[in-house]
């Protein structure tokens, strides 16, 4: 999996335990083939008749790399893989794959999807840690808090007050906040705070349909600024989902470059902005991380989805992103295969990048090992104060 | 051309006859150097004084790979290549190159350009098949039908009725429809149908200048929805030109990600949406193919144009596109060299991708061969019901 | 640094002196670590506490490739590198690095930054040439001229007249003009000239704050058209900064594809449009160079910044850009390391691309050598009439 001729120090740095700074829980129950297929696609729809979501880079990769952890030969057919999965049971499968990922700490977004529409029964953060032999901490999904508050609030003022209180209360137990505003109203964020009047009006409209997810830009921006206030007070970073994931999204509107003015507005506040996934805009994200001191970046979900092609995505991130600004995440959700493959392809892709640089005489082994430690866990420990 | 160490089954799958699901006719007559140069550029302008369109990736590639089919040494100089081409005559050249492409069926857009401005004398679909030793079917260019109808219609109501009738009549003899709306008004398509009133008003304006190509967004959207109705009724896919090609276009407005809302509106109708070319937005296109069950994708014209660099473009498509959603096309137009090089670089690029995956132990040979068959012809047979 | 098995003619072509058609001056004085770090980032901010701008691709690269020119071992630590730099003195360091770049002519933008905010003491064009053992010519930064004129003009009419006169006077001593409008109001340029009335009104507003950089789109477009008139009269090209660089910019608004309509408006005038840097939109820029006869392209600053990853950026440019349309620039600014690394990585990246094509039998050695000469200096000599 790693290049054969890596120096030991670099190999050790790559194999060292990772901080998975952004993942979701996985399902605790046994899954039918239809259920499993829906969890290995970002699309939310079954594959067309006569086709299967196993015929994707991720689908082929899990047959290759996860099958051996279930005592199967590599490339096991989908039916064989799923039969063995059922035979072992979800608990055992989750333990094997989460432990196999080689993670020392999971930072877990309790929601199961990045567009906020999913609501399935998932392992909690604490359970993710227990199954994976790792520490675990929580991330606060701010749109989920908003939904909870909207469902119980009686009036706009009450709703707005509760929003701030609830964000503060949940942040007190968390290591970071997370927003999926990219998939709700896009990342063309006006840099300023919305006016009190416009927020009140939006809050009133919001309470008319409290069961629906909030989609109004004014309200979402208010929520985001409330979260930023809390983050600032508590010294927490804010994660932004950017780039691909989900089918409700207009992909081009999730380009993190569109956040530039907003990012500049945050710069004086000192709140770290963490750009998640970013694909296919990871070069844009790397540029933001290079020019703004408070911006961090990963290519989380892109690596297990690109699978055999993950190395190029990592290489493109490495074109411009400062090494003290890159993080590792699996973007795991739904099934533990994504946690395992996220870690696997991260190590493989970074290993290929480092091996190439060492072979060409571009980097020293000492730098390569040091940088692998930074990206794999050191930067996350610093930013999240773990 | 293919990696030397491919298993026989994978090699056979790559060399198996292809369905070229999107091409144009080629010129039947002998060409001057100036005419030939204009047909190997997307730009429509001669190269600046002292330069030549042979000094492009495509220009170097045809000297390398097409010259031997005309009994010349590889890398023959342009003048030698064109002299030999003239000596053999267009008919013989077309036969050699089209046959050499190894295609079992050509799906042919009868128009010679993707911005609808060209009107040169080209081989018909049936002739493309005859010259290439292949079957041939027709694609209906909807903007061409609109132009034909506009030139004869007397009044707006008559025009609108004729549009629907003509689309239906031509679709009855075709395997798919095709639109170049990307190059006319861009892909920021409002998801709904335009109102009857706005369409009538636009039709009246349209009939004032019936010789010009239609450019009004309302009218083009009406045309598109009329085509979709026909496609739905007859079970036909609709091809969308996206990404590069032509100089009349604002490239960023042809990003298929901008179609996301429109694509979602089509999802319940079950009409396959096929994204053509897509470069440099092929990653965005692959994402759409991954999350929407009715979306398909190719990198047609990008491969012969990128030529020696085609493998990376194919690799980037393979990062996210499901294997049951990818198609092969040459995007051939004007000269048969593009049909030959389209097939050549497709096989070379996919061969390199599969060879890399097999060498790294990522894929099994059985999967590689199966997937090569799907992309090269199987998916097209299914979607176009060939 | 170059592939070992290149034919001698190709190696010679790659090592031949380059025309660096776009660079800035470098500082003449000795630098503190803090000053040096600010000059190796595009961001303008110090690295966050506990981190360093040496932990970037460029930072690692200069320790690897510039250290030996200062008599140090490759991979020297930052402190050692900077101590030796101070020991030698800025003059000697500049001479070693600028000479080491192997450049025959520098075309120098006298301003030190691409967003027009910097104003540090830099080597003049003539001094750059003297230190580098090369010829040197000037580029006219049009926004700088505008600022100079605004500071002295008394009234709008006077200001507008002076603008045209000053542009003409300075262009008389220059080989090209340069604009940074991308970073000021973005590249969504309306194709036409602004009306006289709107320009006069904007000029009046402008003179109210003559010390600030101009940001009003109407005024910037007027400035640009005035520059184009001068360029047309004198047969000079106009350079456009596009893509990354600087932190004041909204990256997506610097995509050169957004200039398409403006580029088409310039086509009849015959003024060459030169797209600088372009990353991460270099594929879009290559497409513009392919379809518009007056458009040229480089990936200047992207190569030394991507450093060990520069080869892929060059490869992506080579996917579509005609070989008679590509240029070399280092985009050097502030420190001579960027001039040296710009030339170094240009040669390395193009060498890798040519080596790959020769190894695959795609290109002949004669074509490879010829094309290396064109990109390295021939195209610049033609376009700038050197």
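Should a chain be cited, it is by its letter among A, B and C, assigned in written order, with residues numbered from 1 in that chain.
In this section, a residue touches a chain if its C-beta (ideal position, glycine included) is under 8 Å from a C-beta of that chain, and two chains touch if they have at least 3 such contacts.
Computed from a predicted structure; not experimentally measured.
Comparing the residue numbers each copy contributes, chain A and chain B share less than half of them at their mutual interface. Relative orientation of chain B with respect to chain C corresponds to a rotation of 120°, obtained by superposing CA atoms and rounded to a multiple of 5. One finds 36 Å separating the Cα centroids of chain A and chain B. Residues of chain C in contact with at least two other chains: 312. Those residues of chain C that touch chain B in the complex are listed here as 255, 257-258, 260-261, 264, 267, 283-284, 287-288, 290-294, 312, 315-316, 318-320, 322-324, 356-357, 360-364, 366-367, 371, 374, 382. Contact residues of chain B toward chain C in the complex are 41-48, 50-53, 55-57, 60-61, 64, 74-75, 244, 246-247, 249-252, 279-280, 302, 305-309, 312-313.
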